[in-house]
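See the structures that follow.
Same chain, two partners: chain A is paired with chain B first, then with chain C.
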Partner chain A sequence: MLKYVLKRLLAAAVTLFIILALAFAVVRLMPGSVYDDPNLDQAIIDMLIERAHLDKPIHIQFYYFLKGVVMDKDWGTSVKVEPGVPAFQVLANRIPVSLQINLISLLISVPIGIVAGIVAALQKNRGADTLISVGVIIFISVPSFVFASLMQYFLAYKLKLFPILYQPSAVGALRLKSMVLPIAALSLSPIATITRYLRGELIEVLGSEYMLLAKTKGLGRFKATVKHAFRNASLPMMNVIVPMFANIVGGSMVIERLFSIPGVGGTMIKSINANDHSLTVATLMFYAMISIGTALLVDLSYGLVDPRVRVGGKKDE
Partner chain B sequence: MNKKLNSRLAPEDFVLVQLDEDLFDDSFVGQPVSYFGDALIRLSRNKSAIIAFGIIVFIIIMALFGPAMNQFGYNQQMVDRVNLPPRIPIFAKFGVFDGTRILYNRQVANLTDPSRYPEGSILETVRTFTSRDIAMADIKADMYKMHDVPDDINFWFGTDYLGRDLWTRTWRGARVSLMIAVIAVFVNIVIGTIYGAIAGYYGGKADMVMMRFTEIVGAFPQSILATMLILVLGTGIRAIIIALVVRGWIGTARLIRAQFLRFKGREYVLAARTLGVDDRKLIFRHILPNSIGPIITRAMIAVPGAIFSEAFLAFIGLGIQAPEPSMGVLLSDAQKVLTSYPYQTLFPAILISILMISFNLFGNGLRDAFDPTMRGVD
Partner chain C sequence: MRKRLLFFLSLLIVALALAGCNPSEPPPSPEAAPKIFKWISSGEDNSINPHDCNAAPNYEIVDFIQVALYQIVPAESRDKSYYVPALAEDYPVAEDDYVWTIKVNPEAKWANGEPIDANTFIYSWKMGLDPDLAWNSTSSIANQYILVKNGLEYYQQKGTDKDGNPNPAVDWEDVGLKALDDYTLEITTAQKYTEQEVIRHFAVRSTSPVYEPIYEECMNADRTGNSYGTSLEKFMGCGPFNLTNWVKASERTFEKNENFINAHLIKLDGIEGRVVLDEATRLELFESGDSDYVALGANGLAKYAEDPSLISYDQKAIRTIEVNRNNPDKAFLQDPLVRKAIFHAIDRNTIADLTFTTAAPFFLSYSGVSFADGTLYRQMEEANEWLPANGGYDPDLAKELFDEALEKYNLDKMSLSLHYSEGMDALRTASEYIQNQLPQIFGEDKFELKLQAIQHTAALALMRTSNEGPTTEWDMCWSGWHLGAETYEPHKKFAPYRSYATNKYSPYSNDFLDDNYEKLLTEEYRFDERKTFDATVEIEKSIILDDITCIPVIQEKAFVLWSERIVLPVDEYTVGLGFGWRFMDMEE
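And then the complex of A and B:
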């Protein structure tokens, strides 16, 4: 097991390093630079370029960059989005905002999805199931930003139930209220994904022999489902839920923009458009870490639950 | 129990029905049903899939011919017809999409000025009030009259902030989005199929190396990879397609590899090989056809994903270049004026939603049709 964990950790570290190198190269090779500003004095530009080692070949630049990251956690300094602030600090201010929204959304989706999935499986092909299935197909298909726009217009603008945009400076109830719409927009698709998965799993095991045994024992249909079928289905479900978190974080880029949430997504978009290279690299790395971290978590839990995985390759999808 | 029953029956109890001639069917009564025929029969019984297919066909036809259905070009800017609300003659009778709009906080004194409010442009006064001792009013106005648009010109979906006809742009956007999605999915399927087939068929070292490579590529997060690629390649249709392909083929490759591992040891493959069929023919003529069903299903389900990715990239500012529209570009532009001109969001949002629901429903129908054991799983 230890060997397996080490192997996976090493693989993840290598991938992260490759992404870092690629991100660095890509961003540096991008056309345009913040220093193209015609209002800047040439002497100042030269000084800035020299300080950022931009006059050296790219692999030397990468060496300086790596050294900074490893030695002083220095990811470079933002030059345009928040001039003068270290990129690490910019992100440190924004990550909590993003994570807050994303984690709440995940925490809400899991129980709702589970309940809906169980109800749908128990009521298979009856009214409630049909209703849930229609909801699932709609929530999975329609993009989150469409829902976000709809809710912004009808719930926030027309009915004035919620603020249209996120209120970062508000405190207490108003701030919570301003978080409702983005969280709802982010949660719909995960809820539908969990529901669909759980319903499928449960329907498959409901006809199995141990369910018949549970029934024979005198367990009611609901109890048998929750105690036996759900338990069996819930372990593989972790492999749906954990990667979903990476999806939520990725998807929240757009939602953050729509609701003006001062999170990582907005920072990335701004930094790309402003040629703020250090910040772009840092945000790219944040997203890479989230999705590689979740993938690692899935791999390790697979290995823990299913010993066959440790020996052979990855389970086929 | 059987024994008891048997013991009660004596040979005399049995009577031969007939012994005169051998019994044969004179001809085969049933029709042989091919794999695809069988799937087609099952698909045609799935009502939602058929409706979804109809909608997809309709949208494709509209995407092809919709932009040419009026005289306005997708990039024809009309500065005097900016942000006109939609006007659809049939609906106008019922008071929706009639080209009117409520204008807030107008000075009452100006309302009679024909240079600002031409004859007949004010339909009714919704509310009057005074602010800082000036009489103000909210009015419902016919925007077409206000901008001096002739009665016979109707912008069915309205116009945008540059006065471009949104009917033309919406359908052209649908065309661009569908094109990006279909090309990306097609390339993904072709690459994935060939890659997976080779890995699965040859197995051994080749398989190990090839699968390790997919694992490495697969470790990159899709959104990061797409962002970085577009930063390098610049925004454009080709760049988006490449960004969708780079990692998209892996799923197909794994699927096809698994199929090959399953089928390559079958007797019919051995028989074909004994007869001297070469590798290429074995792969593409004998083993691959087994996977046609899953491949088609996968392609159909991947299309909405690609449409979503395109829209996603447009929203984070990495969409295709103006003035070319796409579903993502339209939605992202409209989002900026959501509260003032909600109709600009409405039509692309409905279109993309219907398109994605239809593709998913049709994809599910195809999967059920090709693989009935999966039926009802979701």
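And then the complex of A and C:
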């Protein structure tokens, strides 16, 4: 297992380096310049370009960039999106806000999705199942920002039950209240995804022979479902739930825009539009690290959830 | 005994009650509610450093928390504005034609109560013009309304000249910005200027002071970068309000700065601001009373177009179509004949109606002031009498010119492209209209226009490629300069259209503009506003009637709503001051 983990870590490092090189090249070769402010005199622009080595060939630029990263842990400084702020600091300032909203959303989504999935599977083709399935279809097919807009309009603007905007500096009840709508909007789709997936898995498992055996041995339906069926159905669920964690730090551009949440969503697009190269590369690397880390986590989690799975175990060697 | 005790107690209560009723003091009135302006902004701020403040969302904040030697204030007549000393004690004094002295007010203080003196300004200006820091909006310290002796040379010394040779080194000692003593500044200019020009110059945002202890802490090791003003902790203000809470691009809270030198002019107690990018949400906040102000976009206008409380005003930007004169495949674009045909084929009035803008068959906006009494350039008859009728739209003339061009260049058909910036709805609508309209005028089989959306900064970069050499990448592209200096010197708008301008969008070749612009910079013209005005008209004529240096189409307009409780200091949007936000009041 350890060898497997080390191998995967090495592969992840190589992948990250390739992504870094590609990201750097693509971003630097994009049309437009970091220093395109029309107020800036050409003489100054020339000096800044020279100072940032942007007048050098791309491989030399990459060398200077890597040197900065390795020697000084310097990923560059944002020039446009947050001028003067180190690129990773820009992300570090914004991630906690997105993380808070998205983590709560996920913590709510998982149990609700599981309960709804179990109910739908146990009540297959009955009223409750139909109701849940209709909800699932709606929540999956309608984008979250539509629900967000509707909730903002009716619950906040019309009924005044919640603040229209997220309150980043408020404390206590007002802060929590201002988080309800964005969290609710973000939760609907994950709840539907988990419900649909679990319902399908459970229905398959519930019809299996060992479930029949469990029932004939006198186990109640609920107990048999939770103790045996759910456990077996939850293994493929890891494929759905764990990647959701990757989205937690990614933020949601539209929801954040709608509720004025100062999160990380949209940083990538903003930095690309603004030709803020350092921030674009840093953001790309951040997402790459999250994605690769998540993929690794999914693989390793199989072994933890199901003892039958022994990734990189002795059998393979 | 018990009765007697009750009697004395009653007496005591009455005595105490009477003691509390002092006839000379009226009973205390309930405390007036603080005047808090609820401000919803649509722009994402990212810096409050006056040296690195080059976008409207940042100006909006900095203008509340910073002030310079002078500041613009509303006149009591509510229709004009004028400059008063702020951190300066009085108006500048001319020692001779090129040397001015300004006294710093000994009462001037930072928000934390520490004094501001002449050395504060010298440090701030030196840092602003520092060639290694190379701030992108500080050349205005040396060259906005006045040209400070050796100021630009100091700022640009690490760059190269037009021929690629390194610029000569300049010592700070040679720059015309000096402190004669703790409270006296001496300014040496490169040319002769009026008192108003000097005052205006030292009211510019970038000339406001920075707080040295924090600024030095924010400097990087090799002094080539500085993070001043990137967070609340890295800033100290001296303006009308103190920023007490700042979540970038989301939330900002201000409290009145009691240490502000002109605090008596400020009526508000504070401001609670949020940044809301979504227009529908901004409207909801305004309608629910959570905002005192809203700037309307297309959706809001659809709802409030007929509302009597809707206020509109012209913005500086004239949206023009730039034409690539360096396209080897389409050499005909160099010919004013083709540009004229397109100019006259555009129905500006209809486009303006569709896009909630103003038709602009002209180059200089409605917001430039030409005369000391506040008369705007476009208010003058001479600036308008020559303008083509019907907003320049003349389909017959357009067709005639177009056919002539086809014949001249032996063409059967002209296929052009037009790039417009993504996210700018007015430009997209205008582009689509032009795409439909031009073939109808020129002939469906003779003219074709392809549209391409492009990210705004990429569009600017794309246009500039034609300065570096022949390029077939673009034919036409929307642009629109709006320069700070054009407010009081409308002719400054011509600067980027000179053939030798470094930041131009296309290799222009309007010799008349080149020659006459230089004249406008001489003392002979600058001290004669009528002469300047006449020359400005002649240059604009050459752009519109002869060369069609670029094709002006619309002038941007802004639409806003104010809540009823806001009392603005001016009756309408005023050039230079705007609505005078800092000086607004609120109904009790």
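Heads up, the rule we're going with is that the second predicted complex is superposed on the first by the 292 of 317 C-alpha atoms of A that agree within 3 Å, B and C clash if a C-alpha of one lies under 4 Å from a C-alpha of the other, contacts with A are read in each partner's own complex, and residues count from 1 in each chain.
By our rule, a contact is a pair of C-beta atoms (placed from the backbone, for glycine too) under 8 Å apart; a residue touches a chain by one contact, two chains touch by 3 or more.
Because the structure is a prediction, the values reported are computed rather than measured.
Once the two complexes are overlaid through chain A, chain B and chain C clash, as defined at the top of the document. Of the two partner chains placed around the shared chain by superposition, chain B is the only one that A:V26 touches, whereas chain C remains out of contact. Of the two partner chains, chain B is the only one touched by A:Y287; chain C is not.
Contacts of A:T77 after superposition: chain C is touched, whereas chain B is not reached.
Of the two partner chains, chain C is the only one touched by A:P168; chain B is not.
Within the superposed three-chain model, A:N275 lies in touch with chain C and out of touch with chain B [touch as defined at top].
Contact with chain C, but none with chain B, is seen for A:P262 once the two complexes are overlaid on the shared chain. After overlaying the two complexes on the shared chain, residue contacts for A:Q152 are found with chain B and with chain C alike.
When both complexes are overlaid on chain A, the residue A:N102 reaches neither chain B nor chain C. The wider contact with chain A, measured as residues touched, comes from B rather than the other of chain B and chain C.
In the superposition on chain A, A:Q42 makes contact with chain C only, not with chain B. With chain A used to align the two structures, chain C clashes with chain B at 331-339, while the other stretches in 97-105, 331-339 or 349-357 stay clear. Overlaid on A, the two complexes show chain B and chain C touching the same residues of chain A, namely 30-31, 149, 152-153, 157, 164, 257-258, 272-273.
Contact residues on chain B toward chain A in their complex (touch as defined above): 211, 215-216, 219-224, 227-228, 231-232, 234, 251, 254-255, 258, 304, 308, 311-312, 315-318, 331, 334-335, 338-339, 342, 345, 349, 352-353, 356-357, 359-361, 364, 376-378. Those residues of chain A whose C-beta lies close enough to touch chain C in the complex are 30-33, 35-44, 46-48, 51, 77, 81-85, 93, 149, 152-153, 156-157, 160, 164-165, 167-169, 257-262, 272-275.
On chain A, the positions that touch chain B within their shared complex are 11-12, 15, 19, 22-23, 26-27, 29-31, 124-125, 133, 136-138, 140-143, 145-146, 149-150, 152-153, 157, 164, 196-197, 199-200, 203-204, 246, 250-251, 253-254, 257-258, 265, 268-269, 272-273, 284, 287-288, 290-292, 295, 313-314, 316-317.
Those residues of chain C whose C-beta lies close enough to touch chain A in the complex are 46-47, 49, 52, 54, 131, 134, 136-137, 139, 152, 155-156, 158-161, 167, 224-230, 245, 247-251, 253, 274-278, 280-281, 284-285, 287-288, 290, 455-458, 460-462, 481, 496, 502-503.
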